[in-house]
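Reading through the structure tokens given below for one structure.
Lettered A, B, C, D and E in written order, each chain numbered from 1.
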Amino acid sequence: MLPPAPMSATTAGGFLLVLSIVLPVAGVLLAFALGDRYVRLVAFTIMPLGLAIAAALVLALPRGGGHLVYLLGAWPPPLGVALHADGLSAVMIAATAVVIPAVAVYAAPEFRPAAAARAPAAFWMLLLAIWGALNAIFVGGDLFTLYVALELLTFATVPLVSLDGRAETLQAALRYLLFALLGSVLYLAGTALLYGLYGALDIVLLSRRADAQLGTLIAAALMTTGLLAKTALFPLHLWLPPAHAGAPAAASAILSGLVVKGSLFIVIRLWFDVMRGLPGFAAAHVLGALGATAIIFGSVVALRQERLKLLIAYSTLAQIGYLFLMFPLAFDVSGDLKRGGALAGGVLQAISHATAKAAMFMAAGSIYAGLGHDRITGLNGVARAQPLSVLTFALGGVALMGVPPSGASLAKDLLLQAAAETEQWWWTILLQAGGVLTAAYVVLVLAHALAPPDKPIALRGAVPRICDLAALVLALCSLLLGLMPWASYLPIPQGGMSNPLGIDALSKLLLPVLGGTVLAILLSPWPHPLALNAVERMIAPLRRACLGFGRLVEAVDDVLRQWPAASMSLLLVALLLGTLMFAGA
Amino acid sequence: MSDFLTASVGFILAMLALGLVSILRGPGDADRMMSAQLIGTGGIAALLLLGTVTGVPAAVDVALILALLATFASIAFVKKGLSRLEVDSTDGT
Amino acid sequence: MSITTVFESVLAALVLGLALWTIAVRETYSATVGFVAYGLMVALIWVGLDAIDVALTEAAIGGGLGGIVLLGAAARLRDTESTAAETPNRMVRLGAAALSAAIAAALAIAILLLPDAAPTLAPAAVANAAATGLANPVTNVLMAFRGMDTALEKVVLLLAIVGVWSLASDQAWGGRPGPHHEADPNGVLAFLARLLPPVGIVIGVYILWTGADHPGGAFQGGAVLASMWLLVIMAGLADTPPASSRRLRLVLVAGPGLFFLVGLGGLCFGAAFLAYPIAHAKPLILGIETAMLLTIAATLALLLAGAPERSVPR
Amino acid sequence: MSAVTVFGLTAAAAVGLGLYGLITNPQPLRKLLAFNLLGSGVFLLFGIIGRRGAAAGFGNDPVPQALVITGIVVAFAATALAIALLLRLFRTAGSTTLRSDAPRMGRGADAPGG
Amino acid sequence: MSYAGDIVTIASVSAGAFFFLAGTVGLLRFPDTLTRLHALTKADNLGLGFVVLGLLPQAASLRDGLKLISIWLLALLAGATVSQLIARSARQGGPAR
């Protein structure tokens, strides 16, 4: 998808790339200067403008031949810095421009300027900063600019995690900051090596110059690993559950839905553009294997959580793993990396997850606000008290399972097709299992929510309807994503796609739900309303075995989330990737 | 000339290393602060010499900044930085 | 082996010795002192590498502000050492050592394998210097060729301020950061705080001014000014301004704000975003740098002053 | 080229030491020191790469120098933010441990954020 | 560069180096904090002073020479202040408040 000719010129519409970064950042500056009273107003002034810019960018891209380029200061690379958007950037920018305003609408009542001024003022500035940082990552054409954008993202998210000032959120924020810094230093080391080797940091120039020599591969291993730490791919996830579960719901929605995709996007840029295919098939399998483990671990531990927000956080862990399956699947039979269906499927899954997971966190936040707690076993009857929130959660979950016409379903089809084409049948199992495991925890939560309440539910506070609607819109977005015209932005292979509204849609809903129900019964240690007594007695031995397995997984997870284990795994992953890249070169 | 100055830099650095060994061991905090002071002064001397050797006049500016800020480590030590902790008022150290 | 190599080896050994000390020593406070010393020695390495701009930055950060923030924290947290003694066991330490050594070795190999014909952008930077009218190529890279990085980095600094301030309690939000320092009019500190700042301000402005053509620049100068302001605050001669002060907030956004405004001017009327019209490039860049000097000085000082603690009546 | 070799190996060693300290030291402040050590090693890496690219009358390629200055600023801001978090954590929880299995409840209720 | 200037440089820098040596030996040999402080200030003031003096003949311009002298003055000031602060804290057996 890289432009064929050397990019020495700004394309028409390239200024949109500048605006997509500058507008939210200007919002931050303006909000900071104007003071607490106007912060939310500034944010809501920026939102529609940002949405308009994203829309203009999405429309301008096909007209520009699939590429928009802007040379900052009119200085051509390698001396200058270029901004560069392709189809991937456009869809990520669009997804961001949908999720952030939706979250803003959801957060508007909670973070109103009249309340205690601290949290609202910080929240709106940080939200705008995250938007600017993400856009900078999506259109950055220079590895060092991407580093600055990544740091911007980290600095905007860390205070969000600790916004309520409790000790465990402060601890979570500190762990996140330290681990993210470790990741970005490794990334920076790789950047330095690449500059020393090729005298350029521009992505397009590097993609032309990079060759499979040892220094390049070491840089690739370091950069990839550093970014994995920021993406929280298993086993580098020590910071994710406490950070995503401890932040305010609106912040969690952004953190889980969007922020982890920023570093993932740079991994994609590295592997598919900067050093296209150089890391090699074996190293891609490491990413795939880690992703597969993440799916199992994240889902099993999610099923064992007591609190809804932690369950969703662990589900994010599993979904991040799912995203990394695209890397091995992008290598075809002869070992060449293709920008094809696997890449499209991965990016599509990232967008589906962004919308669905944000909606689920927002729903969980509403439920928490209503009940005053979010213990899963205490959710009985909440479907009657807060039907909209539960509906949103259910729709988000269904979208994530891969039920047509959701984006996740299309993504799954694309990845399955890639697996068939590249004759890597073993990933097929995981792709299917991912949907079933997702179904398991969604079913578990819904079973509680739909069960009759033990005692009448007294809602603590009423959640404004607008909040629920914002979340619902996002969930519906995710559910209908499969119907969008993706082909002009993502490398989707022609033909072979199933009809999203066909009869097999039903089986795609029923099979995961049935499988998920079984898994939920087997793996969740808490009393739940799913199982009948008779059945329970019949499967008791099996359930004991499964619970034992779950305990084991949870114990391993506890060890891996300790700092020494996590940081040593980080180095181990770097060395493993480096060795395999070198062996494969 | 330049060899002599380079050798002087090396010598001063070696002295710094020796002095540091004794001071970093402590035992008291005051000794540690002295080590910071020592390395500041030695660093300034080394920078001045180095700037002359390498023909980089701007090295003097680096020394100027170091000399200007030479007191800061000790002040931080005495003032315990700028942000206060509530527990401070209760402990007596 | 030439005398220069001997000198470089002594310097490297000293730096590595201090690094080892920082990592290995048991007591946190000693480790911190070791790290501050390490920073000063690294400034020497930068001079040895003929990167004076970086050496100035390292000296201003490592010698002044970094020392204040790290030593201050170490002095405060020293009582926690006993409670936080969760030292990993020998196996973990051995494993960590092996892994770290492997990464370091890989990096060393990569360094040694760098191509003999080293790629460089120095000629390109020199060839394009005429467009800005500034002779210091590092300033040109920071302010013109890679201006976007610099502008975004200033936003990072602003976000750090937001982050630090967000740690305040709800009541203290908008108040004055840090504790009130009692002034001892006859003390050493007050004496120093009256004597040093005028000198420091001259030096800070000089570093900014000379940065146009020689090593120096806004960040280094700003760091010096920040140190001076902190000295006055620590001596109790002045108080930190309230975080809600409009004037303070304008100063804090002035640098990146002006940078983006000039950039947008270029987008609307000139060649491109962040492109300077050749006739006015030098005054524009110096203007942005002056605004940045103030912003950086205020930002760095307030970063160290911490979260607002004392609310002011509004 | 000797300066490049000597200081290049110094940079690699600083990275190794920093990584080791970051992994094994339990205290956050020590981790932060180790991070700064690690960072300075990476900055030195830029430095020697710039030194190798000395040309056009400059002893060091200006582009890596500018990148290092930006990097130092970011690293310093990160250090300051981390210290502020650390001191706040200490004030709220009375300890600075990062162990994940030792959730300390602060002054507020044990309720999660909603 | 004049011949006499070079002689002054060599002699003076050597003297400076000697004082750094003396200061270090003092630090290593003296028993307690306050005497070590004494040794340190000697190294500070005299060692750096002689180095500056030795480099003055090599200075390219008057401005550079003035800079060298002001560096020495600043270092003197710092040395005096720091030894005050350290001595006070050493006497109190802990950091001063």
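Operating definition for what follows: contacts are C-beta pairs under 8 Å (C-beta built on N, C-alpha and C of every residue); 3 or more make two chains touch, one makes a residue touch a chain.
Chain identities (UniProt): A = NADH-quinone oxidoreductase subunit J; B = Multiple resistance and pH regulation protein F; D = NADH-ubiquinone oxidoreductase subunit 4L; E = Na+/H+ antiporter subunit G.
Note that the structure is a prediction, hence the values are computed from the model and not measured.
Asks: Chains touching subunit B and subunit D alike, please list them.
Replies: C
Asks: Within the chain touch network, how many edges lie on the shortest path between subunit B and subunit E?
Replies: The least step count works out to 1.
Asks: So, comparing C-alpha centroids, which chain is the farthest one from subunit B?
Replies: In terms of C-alpha centroids, the chain at the greatest distance from subunit B is A.
Asks: Compared with subunit E, which chain's mean CA position is the farthest off?
Replies: Farthest by centroid: A.
Asks: Can you tell me which chain is nearest the middle of the complex, judged by mean CA position?
Replies: D
Asks: Which pairing of chains accounts for the highest number of C-beta contacts?
Replies: Max contact pairs: C-D.
Asks: From the mean C-alpha coordinate of subunit A to that of subunit B, what's the distance rounded to whole Å?
Replies: 47
Asks: Using the average of all C-alpha atoms in each chain as its centre, how far is it in Å between subunit A and subunit D?
Replies: Roughly 26 Å separates the two chain centres.
Asks: Just the number, please: Cα centre separation of subunit B and subunit C in whole Å.
Replies: 18
Asks: Can you list the subunit E residues in contact with two or more other chains?
Replies: Expected reply: 70, 74, 77, 81, 85, 95.
Asks: Which residues belonging to subunit A are in contact with no fewer than two other chains?
Replies: Within subunit A, residues 79, 144, 148, 151, 155, 158, 162-163, 165, 170, 189, 193, 195-196, 199, 564, 567-568, 571 contact more than one other chain.
Asks: Indicate the residues of subunit D shared as contacts by at least two other chains.
Replies: 15, 19, 23-24, 26, 32, 45, 49, 52-53, 59, 63, 67, 70, 74, 77-78, 81, 84-88, 90, 97, 99
Asks: Okay, in this complex, where on subunit B does subunit E touch?
Replies: Subunit B reaches subunit E through residues 1, 4-5, 8, 11-12, 15-16, 18-19, 22-23, 28-31, 33-34, 37-38, 40-42, 44-45, 48-49, 52, 57, 60-61, 63-64, 67-68, 70-71, 74-75, 77-78, 80, 93.
Asks: Mind listing the subunit C positions that touch subunit D in their complex?
Replies: Touch list, subunit C to subunit D: 2, 4-5, 8-9, 12, 15-16, 19-20, 22-23, 28, 31-32, 35, 38-39, 42, 45-46, 48-51, 53-54, 57-58, 61, 65-66, 69-70, 73-74, 76-77, 80-81, 83-88, 92-93, 96-97, 99-101, 103-105, 107-108, 111-112, 114, 118-123, 125-126, 137-138, 140-142, 145-146, 149-150, 153, 156-157, 160, 163-164, 167, 217, 219, 300, 303-304, 306-307.
Asks: State the interface residues of subunit E toward subunit B in the complex, per the touch definition above.
Replies: Spelled out, the residues of subunit E in touch with subunit B are 1, 6, 9-10, 13-14, 16-17, 20-21, 23-24, 27-28, 33, 36-37, 40, 43-44, 47-48, 51-52, 55, 58, 60, 64, 67-68, 70-72, 74-75, 77-79, 81-82, 85-87, 89-90, 94-96.
Asks: Could you pull out which subunit A residues touch subunit D in their complex?
Replies: Going by the criterion above, the answer is residues 79, 144, 147-148, 151, 154-155, 158, 162-171, 173-175, 177-178, 181-182, 185, 188-189, 191-193, 195-196, 199, 238, 242, 245-249, 307, 309, 365, 368-369, 372-374, 558, 561-564, 567-568, 571.
Asks: Give the list of subunit B residues in touch with subunit C in this complex.
Replies: Within the complex, subunit B touches subunit C at residues 3, 6-7, 9-10, 13-14, 16-17, 20, 24, 26, 29, 32-33, 35-36, 39-40, 43, 46-47, 50-51, 54, 56, 58-59, 61-62, 64-66, 68-73, 75-85, 88, 91, 93.
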